[in-house]
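Only one structure is covered here, and it is reproduced in the block below.
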Amino acid sequence: MVKKKLSSWSFFLIIFVFPFLSQDPYVLNILITTGIWTVAAWGVRLIMSTGQLTLGHAAYMAIGAYSSALLVMKGGLSFWIAFPLAGIISAIVALLIGYPTLRIKGVYFSIITFAFAEIIRLIIIHWPSLLGGYGGLAKIPAPDPFLTIRFTSRLPYYYLLLALAIVTYVVMVRIDQSRLGKIFSSIHESDTLAESIGINIMKYKIIAFCIGCFFAGLSGSFYAHYFNFTSPEFFTIWQSIYCLIFVLVGGGGSVFGPLLGSFFLTLIPEILRVAKEYEPIIYAVILILIMFLLPGGLISLPMRLRGKKSF
Amino acid sequence: MSEVSFELEAGTILGLIGPNGAGKTTLYNIISGFLPPTSGRIYFRGEDITGLRPDQIAQKGLRRTFQTTNLFKNKTVLENLIIAHHLQVRANFWDLLINSARAKVSESKIHQSSLDILQFMGLTSMKDELAKNLPHGHQRALGVAIALAASPQLLLLDEPLTGMNAEESAQFIKLLRTLRDQGLTLIVVEHDMKAIMGLSQRIVVLNYGRKIAEGSPQEIQNNPQVIEAYLGSERII
Amino acid sequence: MSAAFFIQVFINGLMLGMTYVLIASGFSLIYGIMRLLNFAHGEFYMLGAFATYLLAERLGLNYFTSLALSMIIMAILGVLVYRLFFRPFRDQHDPSLVIALGLAMLIGGLALLIFGEKDCSVSPAFPGIIQFGGVTLSLERIAVIVMAIILMVALSLYIKYAKMGQAMRAVAQDREAAALQGIGVDATFTLCMAISSALAGAAGALLAPLFFVNPFLGMHAVLKALVVVVIGGLGSIPGAIAGGLLLGFVESIGNTFLGDVTEILGFVLIMLVLLFRPQGLFGHG
C-alpha cells in the first residue's frame, strides 16, 4: 500500500515538474487529454466497485460538457461556477436514471446504460438550436482568469487538470479506504450477503453511481472549455468503452489502475508513431492480451511476478 | 408454497424439516425478505414485516444464513465480521468518509465484538485468513458468525451441519444451545434428524410447500403423515 | 396516402425487419445457449457483406454462390473465434463481455485497415422491379425477404427437430442437466457459434446489394441486434423474430413520417422494456 502511494505521488510530481523541462504543446495536449480520460475512468472504476458494469459513461461526460458550455455561454455564469455545477447536474441525472435502473440485474443494467448514452447522443444531434447538432457547439469560452492566470495557452489548463486529477485521486482513495469503500466492495462480492447483514444495496449503488457520474461531468466540462468545442462525436459508445478499457487494462483493484491504464494506452500509440486508424486495433489487442495474461490489469503485474510462490 | 402458518416463541429453537424441495429455503427467503409472499403476513415481535426489504428486516433483528455459503471471499475472516457489524456503526455518512473520532470509537467497539464472536465460533486462529481459503466447515461457521454480528434477536439457520463430522456437529449443537440460553431465538433447517430432535423445542414439518405437521419432537416422530413423507428418504430416529 | 404507399412502407418494414431477425437470431442464440453477450456478432455481418463483395465483384462468382460461401466462411470464423477467444472465458461473465468488445474493436479495426473507409457496392442478384396497382417494388428487396424467411424457417426447423438443435435447446435451458445427460456442451457451443455467425454473414450478404458495404457496419448491426433481442427477449428465437419485425416496421414507418428522430425510438424502447419487462416479450424472467 505504501509502495503504491509512493508511486502515485511520484507520478503526480513528475507531471507537475514536466513543463519545467518541456513545454512542447503537442506533448502537453496529449497529457491533458489523457488526464481528462483518467478522471472519467476513475468514475467508471467507482461504479464498477459495486459490481455494476457501465457502458454509457460518455453520456455523463456529455451532460457535463454541454451543461457547462451552456451555463457559461447562455447563462452568463463564470466557468468556475459552471464547472462544479456541471458535475452536480451529471450527478442529478445519474440519480434520476440510476434510481430505477440500478435495481436491474447484471447484463440488463449494462444494456440500459448503453441505451441511455445513445439517447443522450441522439438528443444532442437532434437539437441543433440549443446544442449545436452534429456540428457541435463551438466557441466555448476558456475559463475566465483565475487570480492572475489567464487561460490563453496550454500551460494553465495543464495545471488546472493536474489539480482536478489530484483532487479526484484523493477522493477516490479516501472512499476506497473508508467504510464506504468496504461497503461497496461487499456489495460487489456478494450482494445477497450484504443485504442480509443490513446493507441497503440500492442506496449504496446509487451513491457510487452518482459520485462516478459527478466526475464524468467534471471531466466533460473541462473537455468543453479546453477544446472550446464539443460535439456528439466526442461522446459515443467508443468513448464509454475507452473509459472501461482504461480501467480494465490498468486494473480496477486500486485507484492507481485507471491512471496507469490511460497513460499506458495513450503512450503506446504515440511511441509506435502510428496513425489514428491503428488505435482501435492496438487497444483491442492490448485489452485482449491483458484479459488473457493479466486479468487484474497492469497493477497486478508486480504481484504476479512476485507471487509465483505464495498463491 | 401455500398454507404455511406458525408461531414462534421467543427464546426457543424451532426445527424446520421436510423432504428435499419441500420449500424450507423458500420459506426462509420469504421470512427474511428476499422473496415476497403472494398472500399472508409475517409478524416479528409484534411488527408486520411483510414486504420489507432484506436489509430492513435485518435491521429489525432478524438474520439468516444460506445453504450455499455466502461469504465475502476476498476479505479476511476478521474483515468479514467487521463488515457484518454494519448495523452497529454509530456514525453517519460524513463520519465514515472522513474517519472522524466518532467513527474511530465505533470502529474499535466493532473490532472487539468481532473478535468475541470469532472466539465463540472457534475461528480466532483463522482471523487473518482470506475467507475463500477456509476449509468448508469453517466457512459455514463463518457464515453463522456473520449472522451473529450486531446481536440479532432471531436467527434462521439453513442446514448449518452440512459437511460437519460428528464431533463438529456436537460442538455446533452445544453452541446453538448456548445461544438460545443467552436469549436468541432460532429456527433451524436440518436433515440430521437426531440433531434436530434433540435440539428443538418445537418442530414444523413442510412437504410440497405446505405445513403438514407441527408439534414437539415426540409428537412429530410419531406422526404418521410425517413418517409417510419421509418414507424412503430419511429414517426418523 | 394511397394504399400503394402503405404497401411500399410495409414491404420496406418487412425487409428491414427480416434482416434484423437474421442478425438478432444469431445474437439471441449465442446469449441463450452460451450466456454471452457477443458484441463481436455485428462484425460477422460486416464480414459477410465484404466476403460477398470480394467473391461476387472481385472474383466474379455468381451471387448465390457468394452468399453460400460467405455463410460458410463466417461459420468457420465463428468457430475459430469461439475456440480462441470465448472458450477460455466460458463461465466468466464480465471477462467474456470484455473479450467480445475487444474482438469487435479488433475485427472492425482490421477491416478498416484492409478495406479502407470507402463504401463498396455489390450488384444486385435480381435487378429490376415489379409493378402492380401503382406499387413499385424492387425485386431485390422481395428476394431478400424470401431468402431471409427461408433461412429462418430452416433454423426453426433445425432447432425443433434436429438432434443437435434439440441439444442446443437443452443446454440453453439447463447447462448442467444437459451435460449430465451426456450432451457435449462444448460441441453445442461450437455449433451455436457456427450457425449464428453464418446467419449474421447471410444477413450481410443479403443486404450488401441494397446498401453500401463498409467496415463500420459491424457496430451498427450489433446495436440493432441488441435492441431487437432486448425487446423480444434475450435467448428467444420467437422473440428475435417478433422483435426484429417490430423494429423493422417501427423504423420503416418512423423513417417515412418522422425522419431521423426514429433512431432514438429504438433506444427509448429498450429502456422502457428493460424497466418494465426486462425479460422482453418472449423471454423468461
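Labels A, B and C are assigned to the chains in the order they are written; within every chain, residues are numbered from 1.
We take it that a contact is a pair of C-beta atoms (placed from the backbone, for glycine too) under 8 Å apart; a residue touches a chain by one contact, two chains touch by 3 or more.
None of these values were measured; they are calculated from a predicted model.
Chain centres defined as mean CA positions place A nearest to the mean of all protein CA atoms. The chain with its Cα centroid farthest from the Cα centroid of chain A is B. The mean-CA centres of chain B and chain C are about 49 angstrom from one another, to the nearest whole unit.
Chain centres here are Cα averages; for chain A and chain B they lie 42 Å apart.
Chain A and chain C have CA centres that are 33 Å apart.
The touching residues of chain A, counted against chain C in their complex, run 53, 100-101, 104, 106-108, 110-112, 114-116, 118-119, 122-123, 125-126, 237, 241, 244, 248, 277-281, 283-285, 287-288, 291-292, 295.
Taken in their complex, chain B has these residues touching chain A: 32, 34, 53-56, 58-59, 63-64, 66, 70-75, 79, 82-84, 86-87, 89, 91, 93, 96-99, 103, 146-147, 149-150.
Those residues of chain A lying in contact with chain B across their complex are 174-175, 178-180, 182-183, 185-186, 189-190, 192-201.
Chain C makes touch with chain A in their complex at residues 37, 85, 88-89, 93-95, 97-99, 101-103, 105-106, 108-110, 112-113, 219, 223, 226-227, 230, 234, 260-261, 263-264, 267-268, 270-271, 274-275, 278.
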